[in-house]
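Labels for the chains are A, B, C and D, by order of writing; each one numbers its residues from 1.
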Amino acid sequence: MMAQFSRFRLKGLVFLAIVVFALPLFISNPFHYGLATQIALIAGAVVGLNLLVGFAGQISLGHAGFFGVGAYFSAIMTSNYGWSAIPALVVGAIGVAIIAWAVGRPILRLKGHYLSMATLAVGFIIAIILNNERELTGGPDGMPMPAFDVFGWELSVFGQYSLFGMDISGDLAWYLFAGVILLAAVWLAQNLIDSPIGRALRSVHGSEVAASVVGVNTAKYKSLVFVISAVYASVMGALYGHFQGFITPSIASFDFSILLITMVVLGGMGSTIGVIIGAVVLELLPQVLADFQEMEMMLFGLILMLTMIFMPKGLLPTAANYLNKRRSKSAGGDA
Amino acid sequence: MFKKITRRASKVAAIAAAGLLAMNVQAADPIRIGSFLSVTGPASFLGDPELKTLEMYVEKINKEGGVLGRQLELVHYDDAGNASKARNFASRLIRSDRVDIIVGGSTTGATMAAAPMVEQAGIPFISLAGAVVITDPVKKWVFKTPQTDRMAAERVLTDMKERGLTKVGLISGTGGFGSSGREQTLAAASAMGGIEIVADETYGGSDTDMTAQLTNIRGTDGVQTILNFGFGQGPAIVTRNYAQLGIELPFYQSHGVASDGFLELAGNSAEGLRLPASPLLVPESLPADDPQKPVVEAYKTEYEARWNSKVSTFGAYAYDGLMLAVEAIEKAGSTDKAAVRDALESIQGHVGVTGTFNMSPEDHNGLEAESFRILEVQDGGWKLIN
Amino acid sequence: MTALVEVNNLSKAFGGVHAVEDVSFSVDAGQVYSVIGPNGAGKTTLFNLITGLYTPTSGEVKLNGESIAKLQPNDLAERGMCRTFQQMQICMNMTAIENVMLGRHLTLKSNLLTTLFRLPSLTRGEKAAREKAAELMEFVGCGEYLDTEASAMSYGALKRLEIARALAAEPKVVLLDEPAAGLNAVETAALEELIRKIAEQGITVMLVEHDMKLVMGISDRLLVLNYGRVLAEGTPEQIRANPDVIAAYLGG
Amino acid sequence: MFSEFLQYLFTGITIGATYALIALGFTLIYNASHVINFAQGEFLMIGGMATVSLTAMGVPMLLAIVLAVVLAGVLGIALQRLAIAPAKNADVVTLIIITIGASIFIRGLAQLVWGKEYHVMPNFSSEEPIQIFGAVLNSQSLWVLGVGAVLVAVLVYFFTRTLTGKAILATSMNKDAARLVGIRTQVVLMLAFMVSALLGSVAGIVVAPITFTSYDIGIILGLKGFVAAAIGGLGSGMGAVVGGLALGVVEAMAAGYLSSDYKDAVAFSMILVVLFFMPRGLFGAKVVERV
């Protein structure tokens, strides 16, 4: 039974679902819900980025730019033009897909760090535009964003809802919504990885030459995954904006891009659950380090550096490896 | 040193352990003052003196017996100038730390990101940020201590007009402070009439050379004076480039650089420039009958003695914020949030370092443009003009 | 009968150095065709030119009469050409069977929608691909490794795995670059058997190999390169008797 | 008209020379180890801040500069030995994240030790600017350009004429081959980090009188240096110099003639334009794959 489960394709998803739905049993503080919601939405973007970095082995240093475009497009359309949240989110995602395709297609034919340079530039250009177009975006001081609405029904952290006859607060409702979104994001990502397209992507990372000689058009798959990961970021950005209620260009900043890719690498490239752990750790760490005041930055850098030096494969793969080794050792002892 | 670290580490471990569990610590005794400031990051020159001020006066007030016979407790987080972090910390202060009042928000972005949360939770919030949007339109629970950037713009433009300078070249930083200041300057100029912005240039917060922009302004037809709206090291570089280019036009800066640190950075190049500022920089030039004089002198002496560094206008915003909070709590006679808010809104004639506050339901800032004094740099020091 | 692979006056220079110079030969369908020569003779470069990894400086390569010198490797795979590498190119981030299933890439038609939502058509295709891959792994003799991580497999098994992957693409011609390198005598014997079985299925095999015993035993024809030029071409008997070849190998 | 152009040009070349020095640092480390060292900007910060704080302690300027450069060099070696070498089997992305962690750590440490204020460093020579055809040139700009040129000349000599330089080059071309001919590649990597730290710190020192210096100055200058290296073609020394100067000049011209709001956007667009039309940057080498 256990062995069967451990081979199950979606065991990570099941595990994640248990965590997501069990968490409300342990927390009741609205601040913690808020934090968890935020982590879930960012983790969703990181799952998308992992498709690019972890599976296709391409580095994006500008992913926050796509996150920002998603958020700002939704903010502008919903607050200035009276659009509903879902069409704004969808059109924004299509726009981001087009930008990503236009940038990625010519660049991804090349090997090496060229994509990281191009994405760095795109991320910066987006941040500069968001910062300068004050009329539209409110400039560096940011702009408010209305609650998320579906057919006239609004999801607000300040609201009160009833679900299956239970009264739940807006914070909990948002948390559950974000949790379901994250599960969906993981499910889609898992499906993608476990498919001919997913194999083609992984082969680009594993051996681009091998991929091409069996007929994989590597450039095409690289642009495809780049677009998909950008769309993930865009959608999560829009939701994040609705949740926060107020956005500033810092969500499109280079710092945030770096944070996103750090989550991927720290959690474990190529491991969907791992990168979510990366997101959780890197979002909680500043909350914990906040008490260190002046030393916060130094400690953050130190922890990041040491973790990566001693666990270059990331948190989850290293832990899994360790457990496997122990298990096989004890199994060996039995035999 | 090491002991301190381990102690802190164990404290953090305890917090982390408590981590996701509800922390319903009911603050029976102390009055909890929450704060989130940009102590690090690009706006650290705001948050750093602000935090120091809050820390030292909370200490001082406690030594003197506290407020309503209760001690004050400062709960502080560093938002590093990042609005998302600010919102998170505001949420943590309100919902987890359950503070009674918030004094904080170094930047407009941080303040605005936290405002919806504050409004919803119904907790008095005194912001230390400058932009006019914070209190205009009025938000029920949000107050602020610095004069608005609109007032600064009006004050500067008025001084220019008095000197017969009507064609202004504007240069501003692209950060929140500069870009809001730019907008308010443009709006103020068109509202006042008789003064015209003939050039409009910007620079990034971490740019290292503004010669090109200044050359452009110098080349603009008829320009009579130049105003720079920005903060951080940028304005100091603008000032130096200004001197290097040998531009002879009268030069103005905003209140964003009203600190002695700016004079150190800009050096001789600052000679002759004017800016609107709090009298904090020139306490000795205030007339003896000025009601602000004792307050300003006391703050300056105490701050400089305690921290061994020069006082800055920004720290004074925190001083005023804390003192307003204390007065409101005393007036309300409790920490009941609605009562404190009402008391805050009805404060009249509160003499602070920044100016004299007269709050009202229509005005959650309570300051007049006249509370800005025009200073000029003369012989490497500040000189009160009017 | 027309030649399946035809190489005409092919040259490749790196900087000023000619790695391959004016090489012409043709391979008929169903043959086992080997390229031999001393180290640095340009054998691997020749394979890289034929399979589209390098662009020739001059000359042309034809597959089934169509010129392919300017095509990318993935285009060639679509036209029925597949290969293995001297320095193995295995995706170490996948399991063994996934590596072979990668070889089925061209035969699996999938679009984004069926993939993302894992619609039945996709699972059907995947199931078939897996069965085929398992069959091929059995065929090359590494059937016991199905779900083993590639990174955990032995060198010899990986060499077989790479052949299985090439076969999974259902090629008309497969190019094996030093398949016996690093194998012991028993493994080499098994390899010879495997190549024979591949040829029996009607797949044309091109081989770069140092092991003379293996090459002479299974090749229909041989091409001998020396310093990038053709030294000799012919059946094993002809090559064995060729004085130039003897000179190059023994005297050179 | 002409004086304006000249003014923009002076501005651009000065800051461009700084970018070029940082870009050279990136290039050196990239060539030796294929790591994009995001801590490069911190070397620059260390150079400026250490000089300022040492002079404030009463150390003579020249000695302070030497000590600051040595400190940066030691830091460069430490970075390679303590952070990069132990993770030698890690993915390139992992190594990049390690350098990011290192840069945050160094910056946090600098903030603790030196505080958050901006600091002034006096010009090396006269504070009086120089007038040329109606444009003014800060005398410090001449120092930046002069020191930059000398460093480039020294580097060229180092790589083409000295055994150590050639060893670094050989390692960057083929690590295994270099090891076979007896080059100790770990030592070479250490050298590359050290030289690149020296370059960065010198750039930080000569440019400090123009830009001021603070614990966080390395972020943006380091990034611009990376952009310059990318434009020039990551891995090409010539490209780093040309890319740096081009970036500086384009920025200044964009601020002067186009829009000061979007001058940085113009600079970043340069990367895209260059990559679209010259896929390996201006001077990047074509890599021949070995299979």
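Just so we're on the same page, a residue touches a chain if its C-beta (ideal position, glycine included) is under 8 Å from a C-beta of that chain, and two chains touch if they have at least 3 such contacts.
As the structure is a computational prediction, the values presented were derived from the model and not from experiment.
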Those chains which touch subunit B and also touch subunit A: D
Best-connected chain pair, where connection means C-beta pairs in contact: A-D
Central chain (by mean CA position): A
Euclidean distance of C-alpha centroids - subunit B vs subunit D, Å: 36
Averaged-CA centre spacing for the pair subunit C and subunit A, given as whole angstrom: 41
Subunit A-subunit D separation of Cα centroids, rounded to whole Å: 32
Rounded Å distance between subunit B and subunit C, as computed from the means of their C-alpha atoms: 72
Residue list for subunit D, restricted to those that touch at least two other chains: 111, 261, 264, 289, 291
Junction residues of subunit B, two or more chains touched: 40, 174
Sites on subunit C at which at least two other chains make contact: 53, 85, 89
Touching residues (chain side subunit A, partner subunit B) in the complex: 23, 26-32, 34-35, 38, 131-132, 134, 139-142, 144, 157-158, 244-248, 250-251, 284, 286-294, 296-297
Subunit B partner contacts - residues on subunit D that touch it in the complex: 4, 7-8, 10-11, 14-15, 111, 116-118, 120, 127, 129, 136, 138, 207, 210-212, 214, 216-217, 219-221, 252-253, 255-256, 260-261, 263-264
Subunit A residues touching subunit D - in the complex, by the definition given at the top: 53, 59, 103, 106-107, 109-114, 116-118, 120-122, 124-125, 128-129, 132, 209, 254, 258, 261-262, 265-266, 269, 294-310, 312-313
Footprint of subunit A on subunit D - complex, ascending: 36, 83, 86-87, 89-91, 93-94, 96-98, 100-109, 111-112, 223, 226-227, 230, 234, 261-262, 264-265, 268-269, 271-272, 275-276, 279-280, 287, 289, 291
Parts of subunit B lying in touch with subunit A, wherever the complex brings them together: 8, 11-12, 15-16, 19-24, 39-40, 76-78, 82-85, 87-89, 91-92, 94-96, 107-109, 112-113, 115-117, 120, 131, 133, 174-176, 179-180, 183
